[in-house]
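A, B, C and D are the chain letters, set down in written order, and residue numbers restart from 1 in every chain.
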Amino acid sequence: MGRLDLPFVVAFTVLMTIAPLFLNAYHVDVLNSIGLYALLALSLNLILGEAGLFNMGHAAFYAMGAYTAAILNTRYQIPILWTLPLSGLVAGLFALAVARPVVHLRGDYLLIVTIGVGEIVRIALVNDVFGITGGANGIFGISRPKLFGFVIRQPQHFYYLIWGFVALTIFLFYRLKQSRFGRALNYLREDEVAAEGSGVNTAYYKLAVFGLGAAWAGMAGTLFAAKMTIISPESFSFWESVVLFMIVILGGAGNMAGVLLASFLVIGLPELFREFSSARMLVFGLVMMIMMIVRPQGLLPARGR
Amino acid sequence: MDLLTLHHLTKTFGGLTAVKEVSFTVEKGAVVGLIGPNGAGKTTVFNLITGHYRPNQGDMVFDGVSLSDLRTHRIIALGIARTFQNIRLFQRLTALENVLAGRHYRMHSGILSAMLRLPAQRREEQEATDRALQELEFVGLGSQALTMARNLAYGDQRRLEIARALATEPRLLILDEPAGGMNEQETEALIGLIGRIQQRGVTILLIEHDMRLVMRACEKLVVLEYGGKIAEGPPEQVRHDPKVIEAYLGAEDEP
Amino acid sequence: MEEFFQQLTNGLAVGGIYALIALGYTMVYGVLKLINFAHGDLFTYGAYLGLTLLTSLALTDRLGFALGVLVLVLMVMGLVAVLGAILERAAYRPLRESPRLSAVVSALGASIFLQNTLMLIYGARFQVYPDDILPAATLHVFGLYLPLMRVLIVLASVLIMIALYLFIQKTKIGTAIRAAAIDQGAARLMGIDVNRVILLVFLLGPALGGVAGLMVGLYYGQINFTMGWVYGMKAFTAAILGGIGNIPGAMVGGLLLGVIEALGAAYISIAWKDAIAFLVLILILIVRPTGLLGERVADKV
Amino acid sequence: MKKQILTLVAAVGLALGGGVVQAADPVKIGLMAPLTGSWASEGQGMKKIVELLAEQQNAKGGVLGRKIEVVTEDDGGDPRTASLAAQRLTTKGVVAVIGTYGSSVTEASQTIYDEAGIPQIANGSTAIRLTEKGFKHFFRTAPRDDEQGRMAAQTIEKLGFKKIAILHDSTSYAKGLADEANALLKKQGAEVVFFDALTPGERDYTAILTKLKGANPDVVLFTGYYPEAGLLLRQKRSMGWPVPFIGGDATNNPDLVKSAGKEAAEGFYFLSPPQPQDLDTPEAKAFLADYQKKYHEAPASIWVVLAGDGFRVAAAGIAGAKSVDGDKVAEYLHKNLKGYSGLSGPISFDAKGDREGEVYRVYKVDAEGNFVMQKL
């Protein structure tokens, strides 16, 4: 976790665990929203931060997962949390299929292609592709998740579901980062030619990380669908991909603590700015610029160890 | 016995022929130097061997296997490792992580075993780290293991690249101007290092402009000019070859 | 067949605007390797400034149609160019030595800021250009209907693009821009003032974007503060399609994208039009990874 | 943190007892509206009208002897932000909520208000399903899509058109209306020669118009919103194509004429609940004058006026129930509020929370750009 010390991590964990006891439903729900974006941003961080692949279409994978879960739940009555692995799988396989022919494209070309994939998916959802996505209406009536017979309904309940998943994600990704796989992603980001020249199958890792990041985004989509009970294409717009992209870069590409911090800022700040009413997005834009200028490497740059 | 054989290798870029009908062999256990004036196509030959470029014609055979259609990481896995003329380290990673890149294809654990941190994965990581530290020690960077690559001195960066290449356990090591940018003492140390690498049973093919190094370290020289081979043989013989002398006249950048 | 040609002219008119905006994208990218996501918003400013100047100064009433519009064009170009230079100074220059994507995020922040500033100044409702400024004549050629203004727009775009191309290719300053695009360090060694080149690019690109905004306002009438987002994205797509950093590429990419959209809408599906355009883009990039006119640079090893 | 706990306690207290709160405390009515994003102009109009009405009501002594305080939250026109805005309003102790505009945005907030026992009166959400879920606290002053679809099909029949092109914009609302009208038109024997969607937010629709023209319809039914309608009319005119257009209620906005130009807008039909100026109640007329005086413009659209009606109904509900208890207010609105004189006409709610009675009228744009109610 880079420069974060153990006491800090412990303090943060304790604080997050007891936070709902002191907060009202609105604030808990803001934290839920932050948690979902943190989850998505962590998954994008694998692709964009760790492997350095410009992906500005992450919402497509998120949508794949959310729709898979929603369709399975509303059509086949499969409990929503059971769909978690399957929506991850669908999103991951979809990512592999689309990334396969384009993943070798460089920087900005890959960027526009991922934007394109995101838009194609959104347009397909709007146009009710295969007659299963509900068009612009989306899918509604998704049942509340149940965990060991307990129905998750209140924001406080979702809080523990979502942030529990975030904690698990950080735990697993942290291990991944310190493994052969994680290092291979860093080699890719730093110097693709040297990576290949050291015996790393770069094409394989590019695909693998797209698949893994997308699968995780897909699972986040399931949680989103469970929480909202209704999903529609506008929740997966290009703007969502842009927000995720900003979170990762602002946080410091490749640093999970930074990504977490940036999720709090990018999702939390507009809520704090609510008092500014119609000027709140203006303030938000300004803050993004200033933060980037003050900390050009990101809030918490990807280490020196 | 020949470890690597090049047969009539040709590579063109657009209308320019960078390498023309080049053939030579690298004998097992030898140190072979590839020399020639700037722009003679030396680095291109290396890039062909390691699969960064595809030859237009000809073939390369390494220990009985043709390299022509293989991707780079497959070629590395066969036992060829290289360094780059303009140092290509993973700048924002530590020296240790750089060397671990060389261990990569020798390891097997994937996403799941890393996430679950299975015993086999942990053992593998430990072994790889040990081996990487040994290689750092071997090239004299043992104390710099946790330094970020971009913070190393220039000569140290060159040696780190060699350590990374050695970590792949190559049978053939290809060095592209290993003494480039080094001072006299560093070059001297490098000659020693090359000797020790050879003692490990690794065959070496190198490009170098520093003629003292070439003459001392190499058992055989191959001379290129304008993409074609003009001479091949032991250093003493090549040195007196009139074609070589002619090629180096005026183009000579060594005193 | 008639419908086909009609759709072709429809596409070219839309594509001409895309191309003008794409030029700004591509020039900035060429020199700075920066995707200026706020470029689309400069286009919007062109439209709004044009409207304000037009109504407050009553240019066309005082100077007549042709001269009035010409003065308007020059004023808008000048103002948006200054805005572009300020943007560069405020949002990008401090990030010149930073990772590329940091500047992209700063650009996104700038885009949000610029959009919402407009909303606060002009309100969220769309604004409308007075509809009695332009001659409403429509030409009928071979059964095609060609509103005079569309013809003028396409002509003006093409002329501006040719002028820009000649400027870049034939003048000394243009050579400096090209040199800085290839290698800033080397250009600096050759005595080129790279900062001046960057400033120039940030004057020229936004000026062209601003003119495109003005054209959109004059012709379509309706402008709103978010329109730069859509046009900017299309222009970015066009620039990539042609090969980003390449000026003729931006022109070709823009016109082609307009035509693909029109024909996609006409012969496949209107609702899927944007998806079709992106699909074509992706297919082209699979075949030509650096766009239609982009240089195919091999990785230097 | 302490302050938040206090707010929470206060909110709980308010929800539980109501009576324990001092009489001097204002009654809070929430407004959830898109103050930013694509529909910011609607949202800001909604804010203006509700604030003006609250001002007037307070001048008359408020409700239950207490002042009314309007608490506005931005839903950004997007479901996720809306669910946060809804959570925030519930924690601020509002008695009732007005809003919001888009159906899917409203939908994201419905459950939250219902579970908190706060009556919600939507003003722009016409999707049928919103009132089919059995929520006890949900109402809307806007009519439903199926009613408008029926009205569209009827109007087209009365006007005598046989070959119809239908164009929507893929939004939930426009697609729903288009589908509804499509089915009904086919049933009554009309020929639908074209059915497709444009992409909202663009400027140039000539490619679509060229294709439409190729289908050669008698009339085009466009179910999308006024910005695109304005552009379509203008570009249609420059093509020299005289086909009549009929729009849905989302085209009811004076900006339509501004955008299209008077010549191009002339003859455009659209459906809408009656505008304030077409109501002859003295109340509506007086209010319009006040609005004009305060903001120097007419309400941005009918949806703004329906938000105003939402506020009036909420206030009437609280006054009628003589309580700030959400359940009681909702019950009063369901059972006792009949024929309430709203700005947009008489208002009564059925058991589902839908507005009763025929609401839609047909309008036509005249040469001066005025919206003239038609008697068909």
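Assume a residue touches a chain if its C-beta (ideal position, glycine included) is under 8 Å from a C-beta of that chain, and two chains touch if they have at least 3 such contacts.
All values reported here derive from a predicted model rather than from experimental measurement.
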If we define chain centres by averaging CA atoms, which chain lands farthest from subunit A? Would you check? B
Pair exhibiting more inter-chain C-beta contacts, A-C or C-D: A-C
Which chain is most central here if centres come from C-alpha coordinates alone? A
Taking each chain's centre as the mean of its CA atoms, subunit A sits from subunit C at a distance in Å of 32
So what's the Cα centroid distance for subunit A and subunit D, whole Å? 34
Distance from subunit C to subunit B - Cα centre to Cα centre, in angstrom: 48
Do you know which subunit D residues sit against two or more other chains? 36, 40, 44, 170, 197
Would you please write down the residue numbers of subunit C that are in contact with two or more other chains? 116, 119, 124, 271, 274, 299, 301
Send over the residues of subunit A in touch with two or more other chains. 126-127, 193, 278, 281
Enumerate the contact residues on subunit A facing subunit C in the complex. 48, 54, 101-102, 104-109, 111-113, 115-117, 119-120, 123-124, 126-127, 192-193, 238, 242, 245-246, 249-250, 253, 278-279, 281-282, 284-289, 292-293, 296-298
Residue numbers of subunit C touching subunit D in their complex, please. 3, 6-7, 10-11, 13-14, 116, 119, 123-126, 128, 131, 136, 138, 145, 147, 216, 220-222, 224, 226-227, 230-231, 261-262, 265-266, 269-271, 273-274
In the complex of these two chains, what residues of subunit D are touching subunit A? 1, 4-5, 7-8, 11, 35-36, 40, 44, 72-74, 78-80, 83-84, 87-88, 90-91, 103-104, 107-108, 111, 115, 127, 129, 170-172, 175-176, 197
Interface residues, subunit A side, partner subunit B - complex: 172, 175-176, 178-184, 186-187, 190-191, 193-203, 208, 212, 302, 304-305
In the complex, go through subunit C and note every residue touching subunit A. 29, 35, 90-91, 94-95, 97-106, 108-117, 119-120, 124, 233, 236-237, 240, 244, 271-272, 274-275, 278-279, 281-282, 285-286, 289-291, 299, 301
